[in-house]
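Please go over the structures that come below.
Both of the next two complexes hold chain A, though its partner changes from chain B to chain C.
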Partner chain A sequence: MAVDTPSQSVAKAAGDVARGRSRGTGKPRSAAKRSLSTHWYAWAMVAPVIIVIAVIIGYPLIRGIYLSLTNANERNVARSIGVNEIPATYEFVGLDNYADALTGSQFLSTLGWTLLWTVACVSLTFALGLALANILNRKIAGRSAYRLMLILPWAVPGFVSVFAWRFLYNQDNGLLNKILAGGGIDAVPWLNDPTWAKFSVILVNVWLGIPFMMVALLGGLQSIPSEMYEAAEMDGANAWQRFRHITMPGLRSVSTTVILLSTIWTFNMFPVIFLLTRGGPGEATQILVTQAYKFSFEVSPRDFAQSSTWGVLILVLLMLFAAVYRRVLRKQGEVW
Partner chain B sequence: MRRGIAATALVAALGVTLAACGSDSGSNGGGSKGSGELSGTVTWWDTSTVGSEDKVFKKVAEDFKKKHPKVTVKYVNVPFGEAQNKFKNAAQSGSGAPDVIRSEVAWTPEFADLGYLAPLDGTAALKSADDFLPQAAASTKYNGKTYGVPQVIDSMGIFYNKKIFKDAGVEVPKTIDELKTVSAKIKQKTGKTGLYLRGDDAYWFLSFLYGEGGDLVDAEKKTVTIDNEAGVKGFKVVKDLVDSGAAKTDATDGWNNMQTAFKDGKAAMMINGPWAVADTYAGKEFKDKANLGIAPVPAGSHGQGAPQGGHNLAVYAGSKNLDASYAFAEYMTSAETQATVAKELSLLPTRQSVYIKPDVATNEMIMFFKPVVDKAVERPWIPETGSLFAPLVTEYTKVLTGQTSPDAGAKATGDAYRKLLKDWK
Partner chain C sequence: MTTTTPTRRATRRAAPRATPRAVNAPVRGRRSPLSSVALHLTLIAASVIAVFPVLWVLLTSLKPAEFAITTDFFKETTVENYTNLLRDTPFLTWFGNSLLVAGLTTVVGVFISATTGYAVSRFRFPGKRGLMWTLLITQMFPVAVLIVPIYNIMSSMGLLNQPVGLVITYLTIAVPFCAWMMKGFFDTIPREIDESGYVDGLTPFGTFWRLILPLAKPGIAVTAFYSFITAWGEVAYASAFMVGDENLTLAGGLQKFVNQYGAQWGPMSAASVLIAVPAALVFLFAQKHLVTGMSAGAVKG
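Here is the complex of A and B:
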């Protein structure tokens, strides 16, 4: 989110200058000059951020879009290794990569599973997070201890917990199967069967995502005035009615935001898939980002063009989603 | 003033980041300027098995200092499965690449073709090159130049637990059919798994493919052969082994689970190569080394065939310390070093002169594998050989886990190969 703040302010500042010019007050240049002289401090402050963003986001983005329009791979990009100077020989191929991706079966089938994965993860995380937030919003004994424990998955670095899960899931030597064996149940192929693997990766991602949902929703719950619940109780509303007509509308602004964020994060949740299954078995759990990574770093020769094409398509899909989501919310009268 | 502090902090942070980017990782300069004495640092990426082989290789590599006191060897163990891509990434970007890499035989022509390796003809790296086994030297040649020095050579065989075989009253299977009956008998008598077949690495599939008369590609005729009748049959054989319960497989953590199962006596057989010997001896079932039996891979309907593999030492073309790197590659592949490694790890030397040394000539594992290597199936040493495994392993795992049929799996692999090898049939 730190990324948005400066870029918005830049856009605003730039807008001011542009308006100044188009208004045609006769002294456009001095307006710009005046803006610079009065706001030089602001410009100086945002300059490092603009430079950093241009370097770490702008350049890779433009380069990625450019590569997606070529046939660049490991064998034809420029390399300079000691005495060997090899010039670039890749060519511009227009939209061929996009046509291949969108007409081939691989992109669409991967997209299908990515959507299923996103919807399953976000809805489960949201439902469980909401339930836990409601429980922990009541005055129960040891409330802060529970809250602390439920935040733990968030406090542990993601890759550490994913590795821990990998050990738990190990079919021959994992703890989960040892416990099941104690109950006389046959070993479950957690990560070795395509369907089970899908289930397993979703489970881990839900486990990882609950703390964020819970904390955000708990904050939302606490901002709902308790007088409303009291009044409703006086009017004879039961628990479900209070939840449905006070809690849900009260959480609206928080939940729309966390659902949007969670969707974007889950759609691109690289570490869970990569570290648990590497997209396997076969390609059963490969989502769009892990497949794009595979093109660029795992197949040989490494296919930079196809990888960037998938990257750009992911960006477009997420932007479309955000735009549609915003529109729907605005139609429902949400100011966002 | 709060803003001012934040801005200063930002600028400082930026400065630190840029400085970090600019610093040169990898080797220091050095070499043999002037005096003729080697100096500087040589970084070596080893890919040997962690926990057993790596200790020996680290010690041997660092002993290079005894011969060249001014050279420091930096030993880095990179997991074998990641090393190929990691090296390509580092080599292309020009930062973080090692001076010397232990390059698998199939990677060597690929790295050479991409321009990442220094040619070694006429350098100190190649000493008495006539001594190398011809099969081992074959993979180091590309376009008439030599890009690697053979370090070890290997093939595959059946490792079996003699005690379990005795308990079940069975003999070592010589064919796939015998393998199935032996496995069933072991299961019935001892309750243990017959064969552990790695499902996440297609190298373990090759002996079954060769057994049915199949191959990945035919480089002479420029034909993709993985999806012909014999190739499909190879896929059917492994699928049948897993489905019939003769073999157990694992599609995510194959190496560790296979080694653990075999070392703990839960599986009676595995197919493996010399690189697994030291690790297997460390298991509780093999405290008495005599309990580990070894036999040729079971024959398929066409005959017997195991892949020929091995590793070369290659020098990165962008190394800042080429002279010391050449000397290091020579040292690691010298007859003396190979004899030490053979004695401690039962790895097969690449020099003919080492096989007649007393410690080596009495090593049971080496004496078993030497004739196997002589008859092993060689892969074509073309640049694309290093690329053939990625599509194969995906389809191999899909077939084993029932996501696709042997026919469809073979066909998908063949299609991927034809995309890779332009104009091949």
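Here is the complex of A and C:
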């Protein structure tokens, strides 16, 4: 890889530069006093990430923001037909796209479902992941075998597991409906009815998300010293009190991190919705991301401006969320 | 009681907890048989739900295509779905492409998230806070917005249809999370180890490479697992950037294949099983480190 070798040599070279002072490098307390040259080393180590992010994320972001202020679509962007180069003819329209999106009903109703989807998925995965992590943290025969099986959904590539679920959900031939039929229950339109489809996509996403939560929380549980439980038990705390006053506070920092990450990921969970229902039936399960994708790839003419507008709005919403989340945590005295 | 076989993976933290319980058999930790049964039933139910969809695909792939939608667990077991798949489609080429892309992403991703994580964990330098925020914010970027501009960049750099183009794109997905994790993990390694390295005359890079990295295996395992899974299972970029039968990765290839076969579940399920195998191998290799690695990374996040 091009990024790899040069960066390594750069880092080494920078390391040599810093050698004379290297003894102090491990003590950040005096960092402010040291000259810029000491920081080269740290910068060299983060440089590959910065460069890749700047080129692959930074530029597209700026371009996306720019496009959201224009009326660009498939018909007026620069393109070449055969040997003819057709220059771009789209115009700057200011904040019109944002005004349209925020006053129209489509964005707001999609946003409503996206919020519902995110809250439902994150809270269910967290609750179930916490329950399973607590069980797995006890001494129980076959624990590692259980853990192996429970993490499995994470190890399977997304499009394979989504395919598996489509197969199970299939209305006429799917296993779920055949089992229901065995019990004398009518076939359920898992993916064909708006309400059922919402239920089904949430179910699949929860199934996919539990392993991550479980593993993270299990790690958190294992870092709570057992002496605390013993002391609490001496004092006569019952199981619920121990959970409430030792386990929950002990898991605070890991929970806040995983809830933040999982919220961000769920909000932007493209593959599950796209591969399972393509946003259908109708637009019932369309979340903001899939709708933005649809604008720039599936509608005709492809509407780049609209798509970018939605994308920027998604980003703004998530950043707001992260900022508020952080502020709330800080108010509660959490260092993060 | 169920306190047999304390697994080696129960980690150092759990080990001291187990010892007094086994010796003195105190009240705590003793469980009525009824609640043991309840716990096992819960775990069995959860495991079945976790494993079943994948298992069902595996079972389906072993049935002749015309019986794919039957509910029997086994029916005229055969491997013809697999032989058809390998004979009639460029599946192996796609598989090789995916392996190349995912492998490169993993190696490069682990390396640069380790250096970044180490720098952020150990050094205080201007731009550090900004970098941490950037890493978090990068994860908020919707694919839908980035995909067209990235496509344009790749095409102007001549990287379309090249594995390298996909690898770079996947790095932007995997590295921010991995660097965060690695930073948290390095935070748990005592600074005294770095200092002892400097005393012995190692450069910061030497310290990182020879002393810290070997200690960070659980963190590396998680990072490698995450990078590999991300690259292996990604669909949107893969299908947008790669065209032509011989360049496709599995995600793109499979979509062609779906059209080609319509609603034929048989060959599809065989392909799914083959795709899941490398991911499962990486998972098996990494899983004993997952809990330790994740906790250190996420707790300190």
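FYI, the second predicted complex is superposed on the first by the 286 of 336 C-alpha atoms of A that agree within 3 Å, B and C clash if a C-alpha of one lies under 4 Å from a C-alpha of the other, contacts with A are read in each partner's own complex, and residues count from 1 in each chain.
The rule we apply is simple: a contact is a pair of C-beta atoms (placed from the backbone, for glycine too) under 8 Å apart; a residue touches a chain by one contact, two chains touch by 3 or more.
As the structure is a prediction and not an experimental result, all values here were calculated from the model.
**Student:** Considering only touches as defined above, state whether A:Val52 meets chain B (first), chain C (second), both or neither.
**Tutor:** Both partners, chain B and chain C.
**Student:** Taking the superposition as given, does A:Val299 touch the first partner, chain B, the second, chain C, both, or neither?
**Tutor:** A:Val299 sits against chain B, while chain C stays out of touch.
**Student:** Between chain B and chain C, whom does A:Asn192 touch in the aligned arrangement: first, second, both, or neither?
**Tutor:** first
**Student:** Check whether A:Glu74 is in contact with chain B, with chain C, with both or with neither, and answer first, second, both or neither.
**Tutor:** first
**Student:** State whether chain B or chain C is in contact with more residues of chain A in the superposed arrangement.
**Tutor:** C
**Student:** Between chain B (first) and chain C (second), which does A:Ile246 come into contact with in this model arrangement: first, second, both, or neither?
**Tutor:** After superposing on A, A:Ile246 lies clear of both chain B and chain C.
**Student:** Output check: A:Leu329 vs chain B and chain C. Expected answer is one of first, second, both, neither. What do you get?
**Tutor:** After superposition on chain A, A:Leu329 lies in contact with neither partner.
**Student:** Taking the superposition on A as described, I'd like to know which of chain B and chain C A:Leu180 touches: first, second, both or neither.
**Tutor:** The answer is neither, since A:Leu180 touches no partner chain.
**Student:** Taking the superposition on A as described, I'd like to know which of chain B and chain C A:Pro281 touches: first, second, both or neither.
**Tutor:** In the superposition, A:Pro281 touches chain B alone.
**Student:** Based on the superposed arrangement, let me know which partner A:Ser144 touches: chain B (first), chain C (second), both, or neither?
**Tutor:** Touch status of A:Ser144: second partner only.
**Student:** Would you tell me the residues on chain A in contact with chain B in one complex that are also in contact with chain C in the other?
**Tutor:** 45, 48-49, 52, 170, 173
**Student:** Tell me, which parts of chain A touch chain C in their complex?
**Tutor:** 1-4, 7-8, 11-12, 14-16, 18-19, 22-23, 25-26, 28, 31, 39, 41-43, 45-46, 48-50, 52-53, 55-57, 59-61, 63-64, 132, 135-136, 138-141, 143-144, 146-161, 163-165, 167-168, 170, 173, 175, 178-179, 207, 210-211, 215-216, 218-220, 222-223, 226, 229-230, 233, 253-254, 257-258, 261, 264-265, 268, 270-271, 274-275, 288-290, 292-293, 295-296, 304, 307-308, 310-312, 314-315, 318-319, 322, 336
**Student:** Which residues of chain C touch chain A in their complex?
**Tutor:** For chain C paired with chain A, touching residues are 2-7, 9-11, 13-14, 16-18, 27-29, 31, 36, 39-40, 42-43, 46-47, 49-51, 53-54, 56-57, 60, 69, 71, 104, 107-108, 111-113, 115-116, 118-120, 122-128, 131, 134-150, 153, 164, 167-169, 171-172, 175-177, 179, 191, 194-195, 198-199, 202-206, 208, 229, 232-233, 235-236, 251, 254, 265, 268-269, 272, 275-276, 279-280, 282-283, 287, 290-296, 298-301.
**Student:** Can you list the chain A residues touching chain B in their complex?
**Tutor:** Touching chain B: residues 44-45, 48-49, 52, 74-75, 77, 79-84, 86, 166, 170-173, 191-194, 277-278, 280-284, 297-302 of chain A.
**Student:** Within the complex, which stretch of chain B touches chain A?
**Tutor:** Residue positions touching the partner: 3, 7, 10-11, 14, 84-85, 88-89, 91-92, 94, 110, 113-116, 118, 199-200, 249-253, 257, 260-261, 266, 316-319, 322, 386-387, 390-391, 394-395, 397-398, 400-404.
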